[in-house]
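Questions regarding the structure given below will be posed in turn.
In order of appearance the chains are A, B, C, D and E, and numbering begins at 1 in each one.
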Amino acid sequence: MKDYIITAENIQLLVNDVLKQGWDVVSESKTGVNFNAIKDASELAIKSDSKPSKLSMKDFFFPKTEPLFFYRQSHDGVELVDASPIEKKTLFLGAKPCDAAAIPVLSKVFNWDYKDEFYNKRVENSVVVSLKCNYSDDYCFCTSIGLSQKAEQGSDAMLTEQQDGSYFLHIVTEKGDEFFKMYSQYLKDTQAENNKPVESKYPEPAVKFDQGKVKGWLDANFEHDFWNNLGDVCLGCGQCTFVCPTCHCFDIVDENCNYHEGGRMKNWDSCQLCLFTKHASGHNPRDGQTKRYRQRIQHKFKYYEDKFNEVLCTGCGRCTRGCGVGIDIGGIMERIDKF
Amino acid sequence: MAENSFEPKITAFVCNWCTYTGADLAGTSRLKQQTNARLIRLPCTGRIDPVFIMKAFQNGADGVLVSGCHPGDCHYNAGNFHARRRWAMFKEMMDFLGIDNKRLHFSWVSASEGKKWVDVIDGVINTVREQGPFTQYKDINKETEIPVK
Amino acid sequence: MKIGVFVCQCGENIGKTVDCVGVAKSCASIPGVAVSMEYKYMCSDPGQNLVKQAIADNGLDAVVVAACSPHMHEKTFRKAANGAGINPFLVEIANIREHVSWIHDDVPSGSLKATDLIRSAVEKVKNNAPLTTIKVPVTKRALVIGGGISGIQAALDIANAGYEVVLVEKEPSIGGHMSQLSETFPTLDCSQCILTPRMVEVYQHPKIKLLTYSEVEAVDGFIGNFKVKIRKKARSVIDEDCNGCGMCIQKCPTKKKAYSEFEEGMAFRPAIYVPFPQAVPNIPVIDRSVCTFYKTGKCKICETVCGRKAIDFMQEDTILEEEIGAIVVATGFKLYKITKPEPGSPYEGYGEYGYGEYKDVIDGLQFERMASASGPTAGEMKRPSDGKEPKKIVFIQCVGSRDESKGFSYCSKICCMYTAKHAMLYKHKVHDGEAYVFYMDIRSGGKMYEEFVRRGIEEDGAKYIRGRVSRLYEENGKIIVKGEDTLAGVPITIDADMVVLATAMVAQKEAPKLAQILGIPYDKHGFMSESHPKLKPVESSSGGIFLAGAANAPKDIPESVSMASAAAAKVMILFSSDILEREPVIAQVDESTCVGCFYCQKVCAYNAVERKEIKDRNGKLIKVVAYVNEGLCQGCGTCNATCPSKSVELIGFKDEQIFAQICALNEI
Amino acid sequence: MKTGYYPGCSLEGTGKEFDISLKRVLKDLDVELEEVDDWSCCGASSAHGVNHVLSLALPARNLTQAQNQGLTNIMAPCAACYNRLLSTQSSLMKDKVVKAEVEDLLEDKINGNLEIINVIEYFQKIGVDKIIEKKKIDLSWLNVACYYGCLLVRLGDAGKFDDEEQPTSMEDIVAATGAKPIDWNFKTECCGAAHSISHTEIVESLTKKILDNAMAHDADVIVLACPMCHSNLDMRQLNIKKHHPDQKEIPVLYLTELIGMALGIDGEELGMDKHFINTRQLLDVQQQKKVRKV
Amino acid sequence: MAELKEIAKELLTSGTVAYIIGYASEKNDKTVPFIARTVEDAEKLVFTHHSVNNLSVYLKRIKKPESGKVGLVVKGCDLKAVVALIQESQSKREDIYIISPKCNTVVSDNTKPWNKDNIASKCLSCEVRTPSLFDATFGEIETVELPSDEQIELIKKVEAMSTSEKWEFWKNEFEKCVKCYACRQACPLCYCDQCIVDKASPRWIDSSATVQGNFAWNMIRAFHLSGRCIGCEECNRVCPVDIPLSLLNRKMSMFAVSEYDYKAGTSIEEPTLVGTYKLTDNEDFIK
């Protein structure tokens, strides 16, 4: 597939054109908090050397709250009304490679025994154009789990910021190719060897561990003193799972709209919350933050790999950056690595 | 009532001993009132949780009135004094969050103040009618609503 | 759940402005409603039968009646439904008369409102739970606190009705202030003569357990079921062994060590004493603060002279526990002193009257003792400083009372009368004496009261001056009284031989503490508060605790006695049944979620919230949670609204019931 | 920190000896005062009869002067000045509206933090021990009637420094000088105050009662701390004598003069030659004691 | 810092405390909560400008020891939470050994060095840099130059908005909420075993992150803290979507001061604002 050059101005024009076609365009918000569906190209924030946004873009594939169906009570019984999947097409622009990489990881769990049509429809209707990352800090560790600042997993195309201010556009998938063919008027042809990216101000992520070795240790050490005080300072707030691009637990509740109507909602949930595994009997098999924290590590770096041959993590470091009490997942991995 | 004029829905939380009885007195005295108010009877204003007010707005009320015994008259000695602090704080917060204080009203109406009850409730209805429907609050309740196909 | 809706037309009362047929029809489509019908008079016998029949025919689980105010017929319909086998608390009333038909003329909008109210009631009743009234057994034994005339009267009335009474008095003898009085207004009969037989009756009554020199220390429990701890202070004399011969008192060497409390400091008493000769019980007590033995370890003369070996120097306070069903608080009053106030006192002293430093300025009770034939002067008028007969005497009313600047807003009520009495008694004893009375207003409401005052002025020649006294000072053996005669508009100075102050009646110093022990409110002056000033004047706001006499507010003897009898009657009503029944609308704690912040305890006006320890099976404390004493809870629900985790809920008005009502109120 | 000093008009005029004796005594006690810059009249007993705001603005001006000078407290020896300064500060802090009005007039802010004290409190602050320590003359022969008058102790809701009816603080200081404070009845009786000029006869009758009561309780001298009272009690004795030829004279001293006597300061230095009632006799005895001691 | 370590060692050696909840250094200058159980652990305890966390939150979250007290390193500001917890029967004074440093302000952004422009907003109006209640204290107060208090300005700005502007402002903020409840978990005064948002029957607050559910949660959270919030701003710090929660909390605290002259967490003996009343409480708003 071909590579292109696109100027910063043409990105703006392209985006407005896409919006005009009735598509949604999602980009990181200028506040750096989350991803937003923008209304105009001026709202775009494409920065290769910025810290990952606080919230990942998983909300757009697996929303924080989503109706599964609706109900209406009447004198004669309950009537159910289906919720239909979103048909709207969406362009994701400027996602970091570690964000895009979460999509194939999540797709595994949403298509394992039950095919989640809501999720699949959203993925199907999306074109993900990621941006080669020029950032790293003490909490990034994409390189330790087989990704990198230019990893292409989950991307349909990838932009690389050039020294002259334009962007090198590398098409990754058929879907990406088809999409950009529609907007070829904004692109200039080029060759892979013309790719002259800007130099990253940041070094490669400093956190290093060997996932294979970590997995081996996790396999053997479900019970280990190491776990004991790990959860001591954890407040069980669960923000790590909410900001994580790959965490995907959900809860289902009914919400009343008025006294006889409402929707059954699928909501984000978190294994770090104390009610997560609490049984109706009052018994809780994971009855302390230590056990819950172990679950988080085990699920990400062992169970998911056992089941899907994937690590449930893209090394974006969001969980650590946002942690109110400074629990450092990369640091923990490094410690396990050294056992 | 004119066909297309807006008629507000008012939920009133009242205590059993003073305001409810005061409203009963207004009834036995045949003091005419507008029909917009629906009363919920509670033992005491001390029982009224601000969540009730929130739920009323969530469920379509355009205005809320909370009313109980005058200070010193509480059937339970001090329920209304505790309520008074709670309301003052809740009202201040509502205002800060952008919920118009013209939609949230408080009064003391004793069992003998049938006339005052009429003045209060009609006043509340008129004030809320001027504000128009509380669409802001209704608009944030779309996600669980059955979509119109 | 099958619910029946019954819409009453109340003749034309509802039917005229509410389309009852239409309302009943639209209510039939509410989810859960099995039957919906209307009828002319639902509260009539046929109407009630209609409800009962519908319950039977449709197998209803709950009932909503749309009719008049629940204050009118809630009980009627609860009873009717109960008759058809439905728990009475599964009945809800939608008020479509007082709140709809009588106040609205427009039929469509009134009918809409009626439907809304019914729907709301239906949704509530879906969340109602069957409840049973709370039954509490009654311990038929009363506690009377205070052995003055009020306490004596209440104790005798209750005991004469056949119930046991525990009478607690903090002084060594019962009798109270009335025993100190010389004569009583408006009849001038001798106070002791009418009181003493009553005191003896108390002592001899088989149903009365008399505990003098004792104080209530703790009260737990609730109406019908109080547990009371009483401290019996060490008398140092064994009650059962003493025969009251008085030998110990005669021989005690500390004759002049202590002022007699009974004589209001106008005479001395020894360390071992009975307050006054007619004391009941006639058992002495040793004042350990003045007794030589307790000070030096030597003496024991009383022990030596006591033939019955009744002296016990080693005696200690004992704590008695009593099971009680009702309490009468009759702790009375004390007189305000014009001395410099103690720190923290709400009252100011009278610097302008010399802070009580002038010997010949005395208060009303001291005058009573002086005028009493059994008093320190044997009834003769002798002024304290030099024992001379005062020829000119000034009485000042409203000393403290009605004087905001001294901390009193209230009228002490009895002073006008007793000052008139004092002036008369003085004139009867000193015929050539002059009696001046400074007053603000004469308040002599009461049978024969006004006549009594007029008699003092017209027959006995007391000189009444309307005005206040600004200063008193001592000069050359006289008390110079400077004041104003406001009727004449002139300043006035009287060089009196003696001044008698009608000082305010104030609450007992320990009254607030006792009120806290009892969990009943008291006003800012320390007087115990009645539940309702008009309709519940003898009840406190706590069930089973009643008030009598001046503990509640300044009162005279007949008023105190009537109040005591009224309180006794209330106790007897309570004791007339074995079981107390009350509505089950009370708060209940979910112990599994309660975190023990005790905000519920802070807001409870009835002290109904207690602390309960939750322990595991090894007895290890897991947590402390709130516990609602169902005997004390009155069901206001303030705790429910205050609880942050909603671990306490008001039965009958639970959150889910209210939420359901709110949600269903507005058809969207 | 030095104590601020607000002498007030009287101490510049009829009460000059109060000012003189105060300063002279403080010199011996090694303490210093800092006079309020450019102080003005407090409005005294007349301003509040004319205009309420004015009666607050006049004292308020002196409060802001003191504040701006960096003083934290003011001592006002004159009972009227003391009363006005104290109650002005107190009432302005309670009434925001009037405070704003007054501040507007003054173009300055009242912070309400000044401690305002009278001469008795001031000596309490210095400490009676210091008087006892520096005492040179035995005054035990002198029976003193302490006279407070109305204004010194009756501060309304502005505060309370001693009992309004039975004050004793001045007695404590007199006792420290070695003189004998007597118990009498008219410590806080009114002397007639400002009627001195308009209704002299009232003042004479009121003053006579006070003087008589003091003498009836064997007082040799009346001691006070108010220039208005002093002029009535001292000056009016001569008039009283005109109407009551038998009337005995009694010297009337400022508290500071009595302290000065105890410290062995000469009468002229204390301004005691400025009285209407001759103080010579007292000073003679003082001199004798002085000589004897030497 | 040496003082802190000495105090800690002495307490742990003597058995006065079972453990000490304090701060330890992490990467760069950052400090994190740390539980010192041994004398060796005590060596790791630090207190720096980066010691932001309000550690009193752990009083309820960590199991109480069988014997000995809980040592708690707690700044003057956070101490108010301890006072409030004692007022609300959640802790006992005698169970806690309070080690309260003299504090020279903490950072706003824990990953950046402390300087005039990186000072937490809670420090800007701090009156308790020198603690008043402690069993041990250490450190010296230094003069700190403070930037202007922008939060107060923002509160005034919101107050000055029209009703609909206020509504829009908060709607935009609350829309972001993902219902993670980190605000609740980090709050020392949110100590309920079961939060009402987790109460399924009856449903108090929609648990879905719908706009209405978000409004309900944030409104009721703030209301439950009204008159109780001690202003440690931990909720604000941990919010993953940067909702200015302390704006609302502080507004209500200011109201408590202006209306009831009440500052939360000031005195153990003082009756709490909620749960008490005065006869003279304002009722101008009641008809």
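The working rule: contacts are C-beta pairs under 8 Å (C-beta built on N, C-alpha and C of every residue); 3 or more make two chains touch, one makes a residue touch a chain.
Quantities reported herein were computed from a predicted structural model and do not represent experimental measurements.
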Sorted by label, the chains bordering both chain A and chain D are C
Via touching chains, chain C connects to chain D in a minimum step count of 1
Between A-B and B-E, more contacting C-beta pairs sit at B-E
Greatest Cα-centre separation from chain D belongs to chain A
Averaging each chain's Cα atoms, the one nearest the global Cα mean turns out to be E
Between the Cα centroids of chain D and chain E the separation in whole angstrom comes to 55
Whole-angstrom distance, CA centroid of chain A to CA centroid of chain C, is 70
Between the Cα centroids of chain A and chain E the separation in whole angstrom comes to 31
Cα centre of chain C to Cα centre of chain E, whole Å, reads 45
Where chain E touches two or more other chains at once, the residues are 203-204, 206, 208, 210, 274-275
So chain B residues touching two or more other chains come to 59-60, 78, 82, 86, 141, 143-144
Touching at least 2 other chains, the residues of chain A are 65, 255-256, 258-259, 265
Every chain pair meeting the touch definition is listed as A-B, A-C, A-E, B-C, B-E, C-D, C-E
In their shared complex, chain C is touched by residues of chain E numbered 88-90, 191-196, 199, 201-204, 224, 271-272, 274-276
The chain C residues in contact with chain B across the complex are 69-71, 95, 97-100, 102-106, 108-110, 112-113, 116-117, 120, 521, 541, 585, 603, 605-606, 634-638, 640-642, 650, 653, 655, 658-659, 661-663, 665-666, 668
The residues of chain E that touch chain B in their complex are 158-159, 161, 163-171, 204-206, 208, 210-212, 215-216, 219-220, 222-223, 226-227, 248, 251-252, 255-256, 259-260, 273-275, 277, 279, 281-283, 285-287
Note: in the complex, chain B contacts chain E through residues 50-51, 54, 58, 71, 78, 81-82, 84-93, 95-101, 105-108, 120, 123, 136-137, 140-144
The residues of chain D that touch chain C in their complex are 163-166, 185, 213, 216
